[in-house]
Amino acid sequence: MDLHALGACLTTSACVVTQTTSGLIVGMLLFLVAAGVTLIFGVLKIVNFAHGTFYMLGGYVAYTTLGVTDSYMLAVLAGALSMALFGVVFERALISRVYGSNVLMQLLICYAVVLIFDDLVKIVWGPEFHAMGMPQAFQVPPLFIAGGVVPPFYAVLIGIAALIAIVLGLGLSMTRLGKTVRAAAINAQMVSALGVNTTLLFAIVFAVGGGLAGLAGALAAPVRSLSPGMGFSVLIESFIVTVIGGMGSIAGALASALLIGLVRGFGTIGFPQFTDGLIYIVMIAILLLRPQGLFGRRL
Amino acid sequence: MTELLRAEGLSAFYGASQILFDIDLSLQEKRTLALLGRNGAGKSTTMKTLAGIVPAGSGRIVFDGRDVTRAPPHTRARLGLAYVPEDRQVFPEHSVEDNLLIAAKSGPDGRRDWTLPRIWDTFPLLANLRARHADRLSGGEQQLLVIARALMGNPLVLLLDEPSEGLAPIVIATISRMLRELGASGATILLAEQNMHFCLRIADEAVVIDKGKVVHHQDTAGLARNEDIRRRYLAM
Amino acid sequence: MKGNRRSGTRETAIAAVALLIVLVVPFVHRSPAFEDFVIRLSSMALFATSLNLLVGNTGMVSFGHGMFYGLGAYAFALMMQMTELSLPVAAMLAVLFTTVAALCVGAICVRLSTDYFAFITLAFQMLIYSVIISWQSLTGGDQGLRGGLPRREIFGFDLASQLHLYQCCAVVAVLGLLALRHISASPFGQTLRMIRDNESRTGFLGVVLWRARLWAFTIAGGFAGLGGVLAALFVSGAYPELADWPNSGQAIFAVMLGGINSFLGPVLGAAILLALNDAVARVTEYQGLVLGIVILIFALGLRRGVLDFLRVAWSKDSQ
Amino acid sequence: MSAVITRRTVLAAGTASLLAAPWVARAQANTLRIGMQSILSGPIALLGTSSRNALMMEQDRINAAGGFLGRQIEIVYRDSKGQPQEAARIARELVNSSGCELLIDAEASSASFAVQEVVRSLDVACIHTNSETSSLTADPKIRAPTAFRVARQGVHDAVAGSIYLAEYASAKKLNKWATCSPDYAYGRDTTAQYLQFFKQFKPDLEVITEAWPKLGQPDFTEVITKLIQAKPQALFTLLYAGDLSAFVNQGNIYALFAQMAVATPNVDYPVLAAIKNLPAGIQSATRYLETFPDTPANKEWGQAYFKKWNERPTNWSWQNTVAMQFYEQAIKKANALDGKALAAALSGMRIYTPFGVDGTITMRDDHTTIGYAIGWGQTIPKEPFIVDVKAADWGKIIELETEWKKQQRYI
């Protein structure tokens, strides 16, 4: 524990700005993954333990696409779209068969998918890590804001994630599709009786959730090492985010992803060897005080 | 007169226990048919089976000349079969207007008679509550809302399951009047009820079911005088 | 009540026969591989069966049961290394410690409803895991406890000997399973099943739901700790993965694979899982791929545990 | 009736065969099996597979030369994912079920301690090839009678590195340092050792901040910004493989390497190759370097490896090669395979090998090797990647190692 360093940091603008932006970037990428988890849970009541796999595959697809096309934009698109498609296939082929069954059965199916794809990635891309490298356009020196350091690449990532948060938020509250999705989250049977093809709707939800995770994986690929099994730690963190924010709440996912990002950002200064523990403690405290999460519906 | 909805030898199960036995029904265009029976007689299950929420065990459902026995609920809805469930099932976190918008679609023949303005006209009470969350409405208001919501789909047939359940007499009167007007304007309605007086004023004819079987079929005026049937199957 | 006692006697007899067979095997044929397998199975069987007391019996899905397995292993191994306590005393204290830990964690968790219960147990597990990783001076961090467990003889038993360890684990596991069976067949076990089947009705009968659940959670934690003690004996130490999430996942899988509605289901599931893991590891390095496909076939095809499936098949045959 | 029997029989037989599968005895072939376990998946799998590559080359060489005691050898590979519990299970399984008579433990430190306990109870000969944590063999309580180590040792590395870094820091006037090492035993212990010796050689050294990212942590951003905040003059890091690559890539975004000098003992060839935009001028140890020791034998081995696997060897590659060379000599000398006889043969054995600083490496009585090549230099983005290599002084290393052992009450 190093509370002195934490205090010193909190009183200098440079440190606050830098650690806040680093918390933002960690949080925003986390949000993209967690948004899918929370959306899928909210609508389908499925706890998608395979979500980290979407993130991993999105990264790998982007890595290969970049190698072939040499365009980061195409790589990101390919990562996101392929995972949207994969989401649909996953939902139709596997998850749709266990709707309404035991949560453990769903867990097992997801667990199987994680195992299978970790190994498939090993077979296709090899067991060693890969590094994608920074696209040329972003190989520029960082910006300095109020004494804090902000890299342009991260500023762009934060921008994209924020844009998606806004689109997702507005889309769910303002558009007819979004309203229907929210209605299906509460009463899918009734929505279906009103003439909405809920099978299609569920597939769309999985496509959006998978696509977001794939997008996160692709966006992060230039700076993170790609390796089989990399989805796991992301999955755990996005779960924490989902639970803290309230299962099914996009706003909650955003808020808690940022909270986790900030806990990391400042926790690493105050509690360098116990940052993870800090996050679990936050999660337990929130589950005890507000089991439904920060933005969750009361049960 | 054309037949819009017909059930032939319909049976249904909840798990291993059979709820419906060989139900036959026929609903003619622009008519209102009441489905009467005690609590637990199988009215709601019949409605759910017709709407496609409970799968038919055996038998056939023909709607507008098409066999829809195996069709999923949304297909039936798009063919013009609107279902209003017994416990109303509004979308509690959506506003009244959003509840209606989610259900908006044109009818099977492309008609779009029911639009938001017409709903506000027909249900002035809802017009005043359009921005309110549905879970903040009273039971009667919710009942009006779900009927309006069903109409937004411009259906050929309305399946109304116990619209009077749990409502105050004055609210029941409102709903009753509204349903009579709907019927008079040419709507086709299947109305499941245990409140016979409510039905008598709305429906043209009635089918009585008991323990999952059809036990009687008569026009409502006749049924009102048929003490025997009323005592045997409908008395509380 | 009489029937209960008779079936209790029958079960004890079955357990005694099973134990006898297991104990006789090494005198007929020594196979270190088989003995290793039985040692690991005894630990895993206790772990999975104790989890099933929650999952199958009470309907409480815990994602964090591995924390008690890990705590049991660490408590036992640390006591062996740091004190002069004899092995059975250390083992008993370790189980006691785990039971108390389960009581404390349970007191916080059991009031939450299903999904949140699963998550909070997972969170507690991860907290305990990260404490184990971080508290390096005590636990050795990710390297686990180094230097092995001191080998102290008890009653002429030397647990450094594979045979003695095998015998000891078999006896402990059979006794542990018998105790769990007894608990699950007792009126308390009936109450737990009633809670699973109909919570509110059980509440009306005057059962304090959270208290019954807490008892179940505590007992399950204690037996998981006992499993952990055996695991610590096997690897002669304690390692953080014992308390990690995938370990809980293994137990869940064993329970599901064997069958949640049969008492011996988790034991069979654990056996299949261990055997499958070993067999696959020898053939291919892509164990995950094979295991994943097996799980999918099982989850989408069989749709219930093997023992549950067999029972259904069996009773159909008998008709 | 017959259908009933068939069905039951099939069900029962299926279950039984599934359960029996693991210990159906393998036909005891004349082939000598050697069990090898390592991290073959995940972010540091690179090192595990490079160990396996080296062993495969050794297997071919030894078999071509007639094998061990006239028996052809077959190395059996297992992936432990670096988890100690799994490593312990695998070690037992290799010996008890798969019939391996010798073990190569190519685990990182986290798992090798677990393997050590298995070896202690099985009495089989085992060579740890990758664990650098000193206590594995230095601590007499942990040392096992039949387990040896052929690998760099943390304390050797720390002495050599500290001497080099102290000179470097004094020359460049770098007093304010930061550390950033993986938050697990290897990272913590080895960092502490480095700092202890570093301070001994450069008393005005000041560590102004330390960061402890988790092993395999996907995002190092908050760690990097923390380092930038502290404004150290130089950074010492023990991150390696995929983590090091991610750290460098993320650090580049913040222009971290323009703001401070960097020193790390952990730069392997393939990591250098994988890191895009490798900053020049990182002070690094020579993990394995074709040009150090600059001998034809070393170069030849490095080239052969590159030719066979189309990538360059790592530090783990040479360590595993030397382990097989030790086994080869020890088996010849002992004319036996059992743990006790091999242990007696290995203790004090000196072998000729390209990786020794003077062409030999010695297995000391305390079961660890000395005399292997240790040097430090600085990175450049292209071949030979590390230049200006300065060899460490083994006399000094052993002197300080002994002092450290006394401090730890190991001797």
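A, B, C and D label the chains in the order they appear, each numbered from 1.
The rule we apply is simple: contacts are C-beta pairs under 8 Å (C-beta built on N, C-alpha and C of every residue); 3 or more make two chains touch, one makes a residue touch a chain.
In this text the structure is predicted, and so the values were computed from the model without any measurement.
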item	value
Farthest chain (mean CA position) relative to chain D	B
Innermost chain, taking as reference the mean of every protein Cα atom displayed	A
Distance from the mean Cα position of chain D to that of chain B, given in whole angstrom	74
For chain C paired with chain D, centre-to-centre distance based on mean C-alpha positions, whole Å	35
Distance from chain C to chain A - Cα centre to Cα centre, in angstrom	33
Chain C residues counted as touching two or more neighbouring chains	134, 287
Junction residues of chain D - those touching two or more other chains	40, 183
Shared-contact residues (touching 2 or more other chains) in chain A	118, 122, 273, 276
Touch-based graph of the chains, sorted into line, ring, star, complete or other	other
Touching pairs among all chains present in the structure	A-B, A-C, A-D, C-D
List of chain C residues in touch with chain D within their complex	31-37, 40, 133-134, 136, 140-144, 146-148, 160, 162, 231, 234-237, 239-242, 268, 271-272, 274-276, 278-279, 281-282, 285, 287, 306, 310, 313-314, 317
Touching residues on chain C, where the partner in the complex is chain A	55, 61, 108, 112-116, 118-120, 122-124, 126-127, 130-131, 134, 245, 249, 252-253, 255-256, 286-289, 291-293, 295-296, 298-300, 303
Chain A residues within the chain D interface of the complex	5, 9, 14-15, 18-19, 21-23, 25-26, 29, 118, 122, 127-134, 138-139, 141-142, 149, 151, 153-154, 220, 222-225, 227-230, 233-234, 264-265, 267-269, 272-273, 275-276
Touching residues on chain A, where the partner in the complex is chain B	176, 179-180, 182-183, 186-187, 189-199, 297
Touching residues on chain A, where the partner in the complex is chain C	47, 94, 97-98, 101, 103-105, 107-109, 111-116, 118-120, 122-123, 236, 239-240, 243, 247, 273-274, 276-277, 280-281, 283-284, 287-288, 291-292, 299
